[in-house]
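Order as written gives the chain letters A, B, C and D; numbering starts at 1 within each chain.
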Amino acid sequence: MQNSNKLQTQNNKVLVIGGGLGGIRTALDLAEAEKDVVLVDKDYTIGGLMTQLDRTFPTNNCDLCTLAPHLSESNRQEHIELLTMTSVVGVTGEKGNFTATLDTQPRFINLEKCTGCGDCLKHFPECVRFNPGLDHRAPTCMRYPQATPQAFSIDLDKCEDVEALVKICPAEAINADDMVIRREVRCSSIVLSTGASLFDPSELDYLGYAKFPDVVTSLEYERILSASGPTGGKLVRPSNDKQPKKIAWIQCIGSRGLQKGAGSYCSNACCMFALKEAIVTKERFQEDIETTIFYMDMRTFGKDYELYFERAKNEYGVRFLRSRPHSILQLEGSDKLNMIYTVDDSTKQLNEDFDMIVLSTGFKTSEESRKLAADIGIELNSDFFPVTDGFNSVATTKPGVYVAGTFQSPKDIPETMVQASAAACMAATDLPVLDVKVEDTEEEQATERDVSGEEPKVGVFICDCGDNIGGVIDVEALVEEAKNLPFVTVSKAEGHGCSRISMDNIRKTIEEEGLNRVVIGGCSPRTHQAKFQDLIQTAGLNKYLLEIANIRDQATWVHSGKPEETSKKALELLKMAVGAVVKAQPLTDQTLPINKNILVVGGGVTGMTSALRLAEQGFQVYLAEKSDKLGGVARDIIKTLEGNDVQEYLTDIIAKVQGHKNIQIITRAMIVDHSGMPGMFKTGMQSGPQMFYRQIEHGVTIIATGAQPNRPPLYLLDQCASVRTQLETQQFIFTNPEVVKTWENVAMIQCVGSRIPENPNCSRICCQNAIKNALAILEINPDARIFVLYRDMRTYGFQEQYYQKAREKGVIFVRYKADDPPVVEMAGDQVDVTFYDPILSQKVSFTVDNLSLSTGMIADNDSTEELAMIFKLPRTGDGFFLEDHVKLRPVDMSVPGFFVAGTAHSPKLLNESIAQANAVAARAQTMLARDVINLGAASARVDGKLCAACLICVRACPFDIPFINADGYSEIDPAKCHGCGMCVSECPAKAIQLMQFEDDRILAKVEQLLERISA
Amino acid sequence: MKSESRLEKILAAGHLAVTSECGPPRGCKPEDVVTKSKYLEGIVDAINVTDNQTAMVRMSSLAASVIIKQQGLNPLFQVTCRDRNRLAMQADIIGAYSLGIDTMLCLSGDHTKFGDHPQAANVHDIDSMQLLQMVKGMRDDGVFQGGAELKGAPKMFIGAAANPFADPFELRVMRLAKKIAAGADFIQTQCIFNVDKFEQWMEGVRAKGLHKKCYILAGVTPCKSLGAARYMSKRVPGMDVPKEVVDRMASVPKEKQAEEGVNICIETIERLKKVEGVAGFHIMAIEWEEIVEEICERAGLLPRPQV
Amino acid sequence: MEKFEPVIVAFCCHYCAYTAADMAGSQRLPYPTNVKVIQVPCSCKVDALHIVKAFEKGADGVYVAGCLEGDCHFKNGNEKAARRVEYVQKYLDEIGIESERLEMVMMSAGMGYRFAQVATEITEKIRKLGPSPIKTATAL
Amino acid sequence: MITAERKPLEELIEYIKPFKRILLLGCNECVTVCSAGGRKEVGLLASGLQMAMLKSGNNIEIRQHTLERQCDPEYVEELVPMINDADAVMSMACGCGVQEIAMRFKDKPVFPAVNTTFMGASERQGVWAERCQGCGNCLLGETGGICPIARCAKQLMNGPCGGSVTGKCEISDDVDCAWQLIWDRLKSLGLEERYMEITPAKDWRSGGGSGPRKIIREDLAE
């Protein structure tokens, strides 16, 4: 692909810099929306940091299998030009017409020819880059079978006999003369997702990172836990390879301005990262291991993160100490790490031994990224992160250049994914709108031959895959033996089966011999099934009349030194495949035409932003709002923490939405019914003052119903005029500055109605709200004494700077414990606030002129419950809509065609909602770009005659798809079936079959394998 | 007076009645019945004779009652619905009365699951409520449950059990009312350790005036050991032994535990005496009959009044 | 009698175990040839009947390999499969086939080494158990 | 529905030992719904029996068939062509089905493969619980729709015994106290006073006390 001849001169593409998770997401979103992308990464394979993680929070899943398809998919997308080992050396021009200069380092392997066979690695391991990073101090790249591109890279400096190396490649893919290639790419917009580096704690002597091998960073610890890491997943101390008994984590290393060289910001993800590591450690070793986290504030502000924190505490027994460790030493003669620390607000020094200490190191931007930013000409802030628009966090100071992921600001995976999609959305707006769609993919669809009624005629084609198969077993002998298998008409050896020539031969043989079933003996169906399916389709066969016997990965690669047994096994695998393919039936992929209209439910800023983006791309949008006005909660917000004017923004966007010809606004809308399937929904609603009923047809639904300000009857709220929510406080400050001037004492109580048993989650927005209002009060009345009573200050990311500013300006922050909250009493017009001061170690009381309660947000349970019922959407325990995949699909819902954005998803700030709104617009476009949806063929089918309507499938289905229909038997909508087969194996009447994996097909394999024995 | 029962006389005269119980032997040893009942002579007004208690086979309560009667003592004949159908039960009741037994207690019976014949069928032809109704019908109307006339009616003083500690709590007073309506003349309660809860129940009982409609004998039990207290608190369904009681038992050395158990029992009786509507005590000293005298003595319940 | 070579059927879910097998392949991690993989979309697709039939046809061992707990692509198919395997194990005991011949294993897609290790361990275990009683009976 | 559970294999083997050709019959009604004797269980049992017999040196032939409903003579008639090929029939239907086969094929041994257990409902996937004992004189109208006869371990008709603790029966934590359920229902229906009515001793004649029961609908019966 590097050497592809594609024209590089058009300016209708997007340049995405950085092939980590975010970059891949951006590129995929654009490509799926039929936009051309150039994706560059300086590494020789894409995947970034994500591929080094063992498991991810908060589900503790290993996400490799979810991520993997994304990676291989990106290779298959015709709209993506992937340039690995490539860096951007310069950018000129402006929005709509950039020119980027790219340098590609030599890989010495021609990717077009390389089959990923690994012969070069086998013979020249020292000069082929493929090994996993085994040095836990230098995690480089984890290898996994889905590596993209699926090819190796040669380190020519390490190679002594270049000629021999070149010769070893059976595909003649090694090119020793490869050299740096410089090229220019023209593009309309640029997305920077270069990621961030991690803080290097080596300089901090007192932490002993450079001295003691058992002091590791959190990423290194992750690699130690990882099955693919240096220890193969065994948790051992680097110093002595023994299992540690006591592990400590120290938070905020390199963050919150705490150490030399640390960023002034909070690194956002480290608290959860440490929690996850502690939990996974506990999960594996339970009582056997002690885990302690030394922290300043636990910042678990994300969706359901607080529950994760609670679980860590209560279920797993992770110990939490609010503490700043002083130093780590190793005493003479001891193999333990000795930590000196103080706890809470006490000054007493404590001393404790640990076997391992993990430093939760924060993010920082890399020198390379900073330089790139300078080259492109975008402004960076004092912490060297790009300055972005207050209401559009992916827009940099330079029009046409966007930024996503950890290079924008420190963040976790879900937020990276959201920004990646948002950046895709924004980048697409800079592309010229193409009216005519080029239909070039369907040209050579051969007509499908009807094979029903034909006796099976199986063709067996066996690859030698160079030495991979041919070097281990006698392929010719196998071909001969295969000829004797039942129904086999043709058996042939095919060299590299996936090479163009072989594919051509196979196609011809199918046509000439009139074959109606095909077995490929070669490599994994996971990587090659689609390719061979396409092939037999061009030969006029239904693509499901194919079986692949994985004789490479499951025989010749894994039984070295036993050629005889390997040959026997290869034959058995072929037999099984032949037996199964004989039972194969032609299947049709489920496809659905797409209705390209969009229904956006909710007319707040989120809904309006999504609607506007999609309307700008030419789609018809219905914007349904249940109240009589657009704007939602934003109508009550005056300014953001950073000082941006919300009302001005709101007025502007309302005007744009109202003025757009592609947007139809429906106010006072109440959704009453819903039917159809993804791509062709019908939603009924009553609207307007008369509640007229109307039905809307649409292909995609965006849920942007928002949340509502919480208003718990606590701390005299609604009983005393001087008690206000933070939202009310802000309005009061702006409308009554003269009153604010008279205030002597002000108190603010955090976590009111949040992080309590009835509402266990953190409301995310309240800490910054308190800081925002405190600063605003001091602006008007610098003498006011402000107490903020908090549990953990969660000013994540750059909010931390405002927190520091508030401290500097004299705002007094006092921590209270959940079981000893402040007490308030009415004192005339004022309020007496009594709380425990941990520094004075006693209760103190103040009479305050204003008490602001940080009440946060809660789901609007009444309306979300009803919508969830009508749309059949899942919700979290606290009533927010649940996304499909917490990490990788944060705005997609489990029901295809549904997306969620804004505070309907969880509490969040305005600019975070806007990012989700843009992300949703990008995700929706990936669906709307197609004319039909292909749902594959692997769905469960019920035989109504056999069904006993027992409901077992209805209950067993993980996705609630089967139902008992009006005829009294179970029905499974193939468009909704996920194809797991659970219902099939549970059905007591054997009335269900999973297409492609029918019982007789699986049993045929069993029978073929064991035939000799039972006969 | 509904019967000739000594227990009824004591209660009718307004004295605090005292009953205790005696489990028949698991074998043909009438002398065991004699020994056990002798401990209670002059100490209690009636001796409950259990009917295959905890679903373990024992000498029939009818036979053991007769042996006690032969000692000149007053048996309280227990009948459960678990083992017999209405024919057998009525036959036994007539038989018992014919042998001079005039006081009985109507129970559902512990489930066979807990006994030594878990294989056995649970009869439950009728339930304890219907048993009360049946005995009352036999006594007051002189008819069998099936409607036929009795030639010579058994003039029984009819008792029933009540457990103020079981769930649903709010039903417990109503259930007592129902038993009274069905025919209960007196009630023996489950062992009381949680006096607060019992008082709460009695409040409900008094609110409905039920204490005026039947006699309520409060059940008490001395714990012989910490183990026994623990067992009752954890293992016996429907038994409410508060943590304080267990803790108190645990706070004394092993050899003093029996003594402490008796102390607790006596304190409980003293407290219960003050509860309006408590007409007497049912002291269940399971396999510890010899202690009943000391308890009665120290609780000021001796000597028993003559009626 | 020739040396006993057990026949072992491994039902592997597409998302994790089958991918782990591929991983073992690309890392060239050796394991015995006795293990034969049958691909299923999810370990929960493996019917009790498939397992029992495999034994009836003469398999010496069977294992079902799914994703790690909590990682199932289809929410909880692997946990369901594990419960089903336990159920079938009891049935095998009733039939008179050692239930150790059937096993549920879990692994992630990246665990090539574990795939090879499991295949090796199970083969060794079955080798020690000897031929399946059904195979022995049919050979008579 | 009627629920059932497969008998231990050992017992079934004893039944079929003397025979060579067995017809194993499933039923697509209740026993399918409770996963005891549908097509799937028939397959599993056939395979299990085959293997168990093989182990003891008997190679038997088992044919499988599942009827729509085994307790109706017309469906049973389907078996005529198959029955001659079989030395014996093993039925996975409930007791009614087994007897129907026995009545129809007088000279063919027939064995039950399941224990017919109770009339119940499916509480959730894989869990069935007793709900009715067919007493022939339904009193659900008086007890808030919860049956104390089928669901109280002591068949108490007038309220909970002293063993009811936090809504559970004294015999097991897995069993709900029927009277707690009844009481909760009465409360939510506002019928608390109904509890005070004493349910008199039950007439068990309708419950089988006067011998095997039969229902005859004159208008339908021929």
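Please note the rule applied: contacts are C-beta pairs under 8 Å (C-beta built on N, C-alpha and C of every residue); 3 or more make two chains touch, one makes a residue touch a chain.
Given the structure is predicted, the values throughout are model-derived calculations rather than measurements.
A.B. asks: What are the two chains with the top count of C-beta contact pairs?
C.D. replies: Of all chain pairs, the one joined by the most C-beta contacts is A-C.
A.B. asks: So the centre of each chain is just the mean of its C-alpha atoms; given that, what is the distance between chain A and chain B in Å?
C.D. replies: Inter-chain centre distance comes to 69 Å.
A.B. asks: Please work out the Cα centroid separation of chain B and chain D, and write it as a whole number of Å.
C.D. replies: Taking the average C-alpha coordinate of chain B and of chain D, the gap between them is 40 Å.
A.B. asks: Cα centroid separation between chain B and chain C, in whole Å?
C.D. replies: Taking the mean C-alpha position of each chain, the two centres sit 62 Å apart.
A.B. asks: Roughly how many whole angstrom separate the Cα centroids of chain C and chain D?
C.D. replies: Those two chain centres are 35 Å apart.
A.B. asks: Which residue numbers or ranges of chain A touch two or more of the other chains?
C.D. replies: In chain A, the residues touching two or more other chains are 956.
A.B. asks: Return the residues of chain C touching two or more other chains; collapse runs of consecutive numbers into ranges.
C.D. replies: Within chain C, residues 47-49, 53, 56, 138 contact more than one other chain.
A.B. asks: Of all the residues in chain D, which ones touch at least 2 other chains?
C.D. replies: Touching at least two other chains: 40, 43.
A.B. asks: Mind giving me all the chain pairs that touch?
C.D. replies: Pairs of chains that touch one another: A-C, A-D, B-D, C-D.
A.B. asks: Contact residues on chain C for chain A in the complex?
C.D. replies: Listed in rising order, the residues of chain C that touch chain A are 7, 9, 14-16, 18-19, 21-33, 36-42, 44-50, 53-54, 56-59, 67-68, 70-71, 73-77, 80, 84, 108-114, 116, 135, 138.
A.B. asks: Enumerate the contact residues on chain B facing chain D in the complex.
C.D. replies: Against chain D, the touching part of chain B is residues 81-82, 86, 108-111, 113-114, 122, 124-130, 133-134, 145, 161-163, 165-168, 171, 174-175, 177-178, 181-182, 190, 237-238.
A.B. asks: Contact residues on chain D for chain C in the complex?
C.D. replies: 8-10, 40, 43-44, 47-48, 50-52, 54-55, 57
A.B. asks: Using the touch definition up top, name the residues of chain C that touch chain D in the complex.
C.D. replies: Residue list for chain C touching chain D: 47-49, 52-53, 55-56, 91, 94-97, 133-134, 137-138, 140.
A.B. asks: Chain C touches which residues of chain A in the complex?
C.D. replies: The touching residues are 59-62, 64-66, 68, 116, 118, 122, 142-146, 226-228, 232-233, 524-527, 550, 552-555, 557-562, 565-566, 568-569, 572-573, 576, 938, 956, 958-959, 978-982, 984-985, 994, 997, 999, 1002-1003, 1005-1007, 1009-1011, 1013-1014.
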